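Once you've had a glance at the structure underneath, I'll fire off some questions.
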Amino acid sequence: MAKRPMLEIAALEKRFGDNTILKQIDLKVAEGELVFVIGPSGSGKSTMLRCCNRLEQPTSGDIIVDGRNIMAGTSRDLAQMRLQIGMVFQGFHLYPHMNVLKNVTLAQRKALKRSKAEADVRAMDMLERVGLAHKADAYPSELSGGQQQRVAIARALALDPKIMLFDEPTSALDPELVGSVLKVMKDLKSKGMTMLVVSHEMGFARETADRVVFMDGGVIVEEGTPDEIFGAPKAERTRAFLSRVAG
Amino acid sequence: MDILIDQFFNVAIMQKAFPLLLKGLWMTLQLCVAVILLGLVGGLFVALGNLSPRRWLRWPTIVYIDVFRALPPLVLLIFIYSGLPFAGINVSPFTAVVIAFLLNNSSYYAEVYRAGLISVAKGQWEAAASTGLSRSQSLVYVVLPQAVRNVLPDLLSNTVEVVKLTSLASVISLSELLYSADMARSVTYNASPLVLAALFYLVLLWPLVRLVSHFQRRLAA
Amino acid sequence: MERFLETFFNPVVMAKYAPDVIAGMGVTLAIAAAVIVAGIALGLALACLRAYRRKVLNFFIICYADIFRALPPLVLILILYFGFPSIGIRLSGAMVLFIVLSLTLAAFAEEIFWAGFSAVEKGQWEAGIATGLGFTRTLAFVALPQAVRLAMPPLVNRVLAITKMTALGSAIGVVEILSASTTAQSFSGSATPLTLSVIAYLVIFMPMVVLARWLENRTAWKKR
């Protein structure tokens, strides 16, 4: 366990008005590790993830990505640091007025200042990787949900992020399309990507996750290996949640 | 019947007035370009101020939009053209028209942009930000194109209004299309030049009006 | 600064010409009210007629709406005011203003109401007709109320834009706010009457702007 932490969340707190949504969250994700976050609706999973690239402004605490604190610095620094943090949303959020290739090259060109040729090559590589190179000219509205989500993953990957955040990447998908996205994620993991994943796909977690974190009421209740959490949860709340999800 | 044709559709008089009206049309087109471009750009900035989270930007733009939507453009024009000289500021008719209509149009365009910008899902801003684009890059490349597409019919119909508005410049003797036609009318004692001007406006604007209706029907469907 | 106040806010001039401008407000309001009633009534009637989908009739309605949406009102005003006397029709400036603005508003109102009718779901028409109401009563009792509600925000905006054009009356000698104040301006040799006109218009139209904004926000929220 000598691996350096790629993402470090320290004493993170988030309040909306009088509501404390996240309380003293501490979490480390090591290089190449896949940390899987579970918890009931409203427990603050999305908020935690969104604090990691400051889409949500943390009330206090530190977010350290590969040794650099993203809470420090100007807004330009923030944009630079967001380049290193890929994010995949539940609702894909592809740009509907651009074709797939443009979706994947836009930030490469404007934020990373890559040349068009360079960005195109990189984009095609990433599209190849998610199995959608043949859809480069299609528009998002012409793709299935699963295909859109894979393009969204390619869009984030093309920027060579150090860590990828996934917020319920398969929740908006028809069941038969879930597999294609999970397969891409598994492939990413095997290639050594550091990943923080919020999801309800417990089977995927058992198979792929290095660690599972259970959140409830804005705190991390328990964390451990998939076997520990799914096999022998210690906390009462974890047990209750898992039995409810297992149905 | 004959008198009707003689007074309103007198071809001989129309022919004579034609070159003068053509000159007027040229001035109208110049006015249109200036006023539309300035309105489109000015309106965008007003709309952005209006949607800003900063209060000191938001409040002035709300007042700006409401005041200039409440004032008739002709009143603005007269105020600027014949009021400002009292304060020692002389403006040419062309400048007066451009300023008055910039104030008026930019508030109308701002309302249209505002509706468009609001109509773009928040997730688009977030996706753009998460890929390291700055706020202005997100606006220019991601949000604005969608916003404009969503309100294209309203932008277009507003632009039709702007073109029609340029006819007010005749009141302060700027020799655009309507002024030229009215000059010809007063010289010939015949309304045919005015009818000819109306035809010019129709040729210019009917296609746009049709397009607006077409867009609106497509959006409704 | 003092010179500025003296030029645009001279209290003596204000006191002297305020009655004229207030009288002008009366004229503006009267014409505006007449235009609103006549324009909306005609526009609504045309939209209802259009719902019967008679080809020839609809062709003329659409042409009318297109032409009056494309033509600047001032052109029509000048044609009526200066052209019609030569064929023996002499109309007062106020009458010309009323006719042109009403016809213009009617053209826009027709399009707005028609868009409202088009947005009423087909099922609503079918339900009305299936329950034995017949076309005309379905139009009146089922489609119309829904269309009117949908039409409200754009209609208020358009009413605002067109009633503001009563200021065009100053070009043909109607003594409404603007011409009252430009007359006062030339008599007094001061810009203060123009300020008075700005205040007068704000008093009349600000409430309408606020109403329009409120209506728009309300429907915008409902859509979410």
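All chains are identified by letter, namely A, B and C, in their written order; residue positions are counted from 1 within each chain.
One rule holds for everything that comes next: a contact is a pair of C-beta atoms (placed from the backbone, for glycine too) under 8 Å apart; a residue touches a chain by one contact, two chains touch by 3 or more.
Chain labels with UniProt names: A = Polar amino acid transport system ATP-binding protein; B, C = Polar amino acid transport system permease protein.
All values derive from a computational prediction rather than experimental measurement.
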| item | value |
| --- | --- |
| Subunit C reached from subunit B - shortest hop count over touching chains | 1 |
| Most heavily contacting chain pair (counted by C-beta pairs in contact) | B-C |
| Centre-most chain, if every chain is reduced to its averaged C-alpha atoms | B |
| Furthest chain, CA centroid comparison against subunit C | A |
| Gap in Å, rounded to a whole number, between the CA centres of subunit C and subunit B | 18 |
| Centroid spacing, where centroids are CA-atom means, of subunit A and subunit B in whole angstrom | 47 |
| Length of the line joining the C-alpha centres of subunit A and subunit C, rounded to whole Å | 55 |
| Subunit B - residues contacting subunit C, complex | 3-4, 7-8, 66-67, 69-75, 78-79, 82-84, 86-87, 115, 118, 160-161, 164-168, 170-171, 178, 181-182, 185, 189-191, 194-195, 197-198, 201-202, 205-206, 208-210, 213, 216-217, 220 |
| Footprint of subunit B on subunit C - complex, ascending | 3-4, 7-8, 66-67, 69-76, 78-79, 82-83, 86-87, 111, 115, 118-119, 160-161, 164-168, 170-171, 177-178, 182, 185, 190-191, 194-195, 197-198, 201-202, 205-206, 208-210, 212-213, 216, 220 |
| Residues on subunit B engaged by subunit A in the complex (per definition of touch) | 121, 123-124, 126-135, 137, 141-142, 145-146, 149 |
| Subunit B partner contacts - residues on subunit A that touch it in the complex | 53, 55, 75-76, 79-80, 82-83, 85-87, 89, 91, 93-97, 106-107, 110-112, 152, 155-156, 159 |
